[in-house]
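Per-chain residue numbering starts at 1, and chain names A, B, C, D, E, F, G and H are given in the order in which the chains are listed.
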Amino acid sequence: MADAFTVDGVTLPSRLILGTGGAPSHAAAEAAIRASGTGLVTVALRRVDPTATGSILDVVDRCGVRLLPNTAGCFTAAQAIRTAHLAREAFGTDWVKLEVIGDERTLLPDAVELLAAAEKLVADGFTVWPYTNDDPILARRLADAGCAVVMPLGSPIGTGLGIRNPHNIALITEAATVPVVLDAGIGTASDAALAMELGCSAVLAASAITRAADPAVMAEAMRHAVHAGRLAYLAGRIPRRHHAEASTAFEGMGEL
Amino acid sequence: MADAFTVDGVTLPSRLILGTGGAPSHAAAEAAIRASGTGLVTVALRRVDPTATGSILDVVDRCGVRLLPNTAGCFTAAQAIRTAHLAREAFGTDWVKLEVIGDERTLLPDAVELLAAAEKLVADGFTVWPYTNDDPILARRLADAGCAVVMPLGSPIGTGLGIRNPHNIALITEAATVPVVLDAGIGTASDAALAMELGCSAVLAASAITRAADPAVMAEAMRHAVHAGRLAYLAGRIPRRHHAEASTAFEGMGEL
Amino acid sequence: MADAFTVDGVTLPSRLILGTGGAPSHAAAEAAIRASGTGLVTVALRRVDPTATGSILDVVDRCGVRLLPNTAGCFTAAQAIRTAHLAREAFGTDWVKLEVIGDERTLLPDAVELLAAAEKLVADGFTVWPYTNDDPILARRLADAGCAVVMPLGSPIGTGLGIRNPHNIALITEAATVPVVLDAGIGTASDAALAMELGCSAVLAASAITRAADPAVMAEAMRHAVHAGRLAYLAGRIPRRHHAEASTAFEGMGEL
Amino acid sequence: MADAFTVDGVTLPSRLILGTGGAPSHAAAEAAIRASGTGLVTVALRRVDPTATGSILDVVDRCGVRLLPNTAGCFTAAQAIRTAHLAREAFGTDWVKLEVIGDERTLLPDAVELLAAAEKLVADGFTVWPYTNDDPILARRLADAGCAVVMPLGSPIGTGLGIRNPHNIALITEAATVPVVLDAGIGTASDAALAMELGCSAVLAASAITRAADPAVMAEAMRHAVHAGRLAYLAGRIPRRHHAEASTAFEGMGEL
Amino acid sequence: MNVTVNGGDREVAAGSTVADVVRQTSSAARGIAVALNGEVVPRADWSRRLSEADRVEILVASQGG
Amino acid sequence: MNVTVNGGDREVAAGSTVADVVRQTSSAARGIAVALNGEVVPRADWSRRLSEADRVEILVASQGG
Amino acid sequence: MNVTVNGGDREVAAGSTVADVVRQTSSAARGIAVALNGEVVPRADWSRRLSEADRVEILVASQGG
Amino acid sequence: MNVTVNGGDREVAAGSTVADVVRQTSSAARGIAVALNGEVVPRADWSRRLSEADRVEILVASQGG
């Protein structure tokens, strides 16, 4: 592909990654996955639910997409590390979306625990996708620790507040040594496009799609938005001006 | 089409309208028109330029798109009305993008002259597409005067500042009785997506595309962005929350 | 005064103008007027209310401030002109805050009616303070018509949304030939400070003060905010930078 | 004082803290300190400069303000800890503004080193004022570690970009167990007012004042801005509304 | 004689003047203005007599933004 | 006979028509419009004869935003 | 013999293995992982016998953001 | 005897103390602190004798943000 997005030697078919959490049903999740054109979806590990019918894995298989297991809900490095190892057992993949959060109010990552967990998991041979805040220094440390990508948030999980601090995201992408994947906070298509325009390599969206009134339509919107943002980034936007500049020349106007 | 954009009984193939002004060459304009997927492009009337080779009309014909003549550069209603009539003579269309500006520093529309010109052109049988500011009251008056659409600006022409006042655009679209076409100020893809998410029916982009480092690539970006924004509008975005909401349930977590 | 704010030959003691509308009581209005340090307050003309006790005029007298009658609620130039003349009869002042609105949903000014009323009132010898939208062209036309000041809005009356389009306010102030008074939309102190930093000569606040939980305290806040914004404007702020610049020199650091 | 700002049992006379770095001269620094009304200024430790005339300490004494030594320029916890101990020797105070930065491009704090240094300095009996990023989790950890305050940034040092992420600052203040002091990024008065409206207890400004065209005037602006923002916070602002709400009642309008 | 005052019907003595109606309507000594059938009536003309069905608006100062 | 075409002086043969001047000015077969002394001249009237000092504007399509 | 499975008490036959409990708990043939007393148990070791009071966590794939 | 003071080489008399070097380096009576080979030297210990190749940092107050 001319403009490939490659992680750990794997070229993904799309720069949109889909989080399945929040989908009203497996059927809705499947419709969203297909409409999104994604090649990678996240799943979690939870206790067996006797009432559950079918498995998200069947959906994933039918759609022919890769799995990115997460460590959602972990508050400590130890918990997250153990969860990652369980995920490797369960899903037979070294890829893991590392989440180590600091509280339930904000679900924001805990920098210290996150970095500790990332270092250990890299040492254990995982391909680590760390969900981090928008701190350029922490992002650099995670990359230096051997993470395959860094996943700064736009705003807290599920808030739909978009990218609250584009300046930080730009500071991260302009110095990044690994792909930057915007994770969390995306509310609608323009947020995803903006992320790509800021130099992100990909966008992960979950609630914005799964909890939209029509998840499949929003998934298609996100597919186009991520592609649009990427193309705009490559195309080279016009500079911002304080004053106007005519798109139609005044020269040659008739005297009427 | 399920989600058609129709003006004056004509269903357009795209919600993106392309302004040809600023293109480095006719060839570049043609590449942008084709990549944009647009069905409508604007042209101006200027004195014969002996040095010019070829005509934008040939490009338009080859691309098989409709013409939207503009009155760019006019400062008075009288000038704009005369220019519109000349355009009808030259291009054999009743459609006109009405521009009546107040100064060269901002190229912002002059509300009073604009409304006067719109009333006269409607009476003269034109299908009027007025370039207006983002004033909801003026927008309503233009619609009441019989304009086919209203074209509020996002920011001054050529500034690339995007939509400076989304609140006004929302106030316009939520009360609009005619299609709202976001005109002027678009700088990049996310701006176009946002316009559609705010309830606009279409977006006009000129400088953002024609003056981009690679006009054709930016045109494709805008095509996807407008489609993405429209789909997101139809899909029904999630509400904005102050605090986080987990996309992965805490329930069922193992004790690790 | 070193940095006087003068209109129609009258130097006002403060760059804050207080709208009395919305105050829970005359006593609350008086407390707010005193705490604000203002020298000018707006009043409206309404039918005699048999149930009313005391008059806002007594408050105004006790506070020793000037009156700025408004034409609030008028939808046409004719109505506003008549109201202005009645106000001159009632209050013996040529000053009038001219409001001609377009609808009750937004209370936004109607550009055409506003300009027509302004021209007539200037001809009738009034000192006209027009409440206008943030359109730089309309602002220029109002000044050219002989208005003593122009009063662009930050956002619709009573919304507390602050200044939605600082770029337009800057375009207005940088080209203004009369004082620019930010009117409507102010929600809190920082909004008022920003208005002054953008080059406004004064700020009018009504709901933000009269409907605050504690009007008198908010009035004092606005007094300081307007002064702060004015001083910052005069002091010359530092430029915005994309990257950091150390405030403490690295040079001379010890090797520790 | 009714609304006192107290740290480590010391009630400060002002909620504005002044950073002296960047002042063109000791005289300019003194003028700014006096105009600001501050009771606390930061100083750094650097090698003896033979060419220097006079000492910032003389300025501080003449102004009768307290000292807050900083550890500016330190990249590791070890460096910062040693610098803090040297400052205690030099200035005879346990107060220290703890800065541990991650790179020279952004001067952003390094979360891991910062937290490690804070824990050690608290154990060593210091009153720690940590300069941190706007991460609510790290802020909570610093408070839990025994820091006297937390000092989140608005944007990188010296950028004058103001508060790039008000949402994070609000998330910090609403859960804070120690005073929150907005540090870094302030560009002008409205930024300082906004910080206080977001619930900060104080603001530290350096470059915004010392590098302004007229430092003393900007210092006075900041003094009023911080006070204005604090009063607005206490006064209880009006809610933001999407639609307008009349400040002048329609009821009782005459039929004209 | 019947007139309309501030939108309400009122019966007044034949020969009543603007001033009479103002006096009956408000005790305010100042800050008051009158429109008769939509036209402003300067205080100097308040001695003007009213006619059957006249529309009188008597307005006073009120809080306003 | 002297006329002004697109802001420039031009000498044309006596009895020249609008069509004549258009032909001399542009090879464009379409997308062209003419104003004579500020008034639009429909193509149907291009046979109209010019008079001394007439102001002719001949406009064609150009790129425009 | 009493063990805890996914936080709930369960009585199992003496000599039961991890595999036995997994079988009783879920029909899932794949996408399943087990922790015994907080330590991961690779599928290869599921034949391991449980002891009184062991804590077993049996986790499967679920939707996650 | 050669020592390093604030990054520069300096020859000092054998038996020189920290206080001696401070006196030679700065006239500041206060707001001054010393690190010897990276360790803080409390004022009370300034009588300590320096050794060959010691690294001395003498720091004073300066403007800082």
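The working rule: contacts are C-beta pairs under 8 Å (C-beta built on N, C-alpha and C of every residue); 3 or more make two chains touch, one makes a residue touch a chain.
As the structure is a prediction and not an experimental result, all values here were calculated from the model.
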Contact-graph distance - origin chain B, target chain E: 2
Intersection of contact partners for chain B and chain G: A
Geometric centre distance via CA averages, chain H-chain F, whole Å: 91
Distance from chain C to chain A - Cα centre to Cα centre, in angstrom: 45
Centre-to-centre distance between chain C and chain B (centres being mean Cα positions), rounded to whole Å: 34
For chain G, residues contacting two or more additional chains: 6-7, 35, 38, 57, 59, 62-65
Multi-partner residues of chain C (at least 2 other chains): 19, 21-22, 44-47, 49, 70, 72, 82, 86, 105-106, 108, 156-158, 161, 167, 206-207, 210, 242, 246-249, 252, 254, 256
Touching residues on chain D, where the partner in the complex is chain E: 246-249, 252, 254-256
Complex contacts: residues of chain C adjacent to chain B: 101-103, 105-106, 108-112, 115, 133-138, 140-141, 155-156, 161, 164-165, 167-168, 171, 175
Chain A partner contacts - residues on chain G that touch it in the complex: 6-7, 25-26, 28, 30-35, 38-40, 42-43, 57-65
Partner chain B, residues of chain G touching it in the complex: 6-7, 35, 38, 55, 57, 59, 62-65
Partner chain G, residues of chain A touching it in the complex: 19-23, 26, 29, 42-49, 52, 55-57, 69-70, 72, 82, 85-87, 89-91, 157-158, 206-207, 210
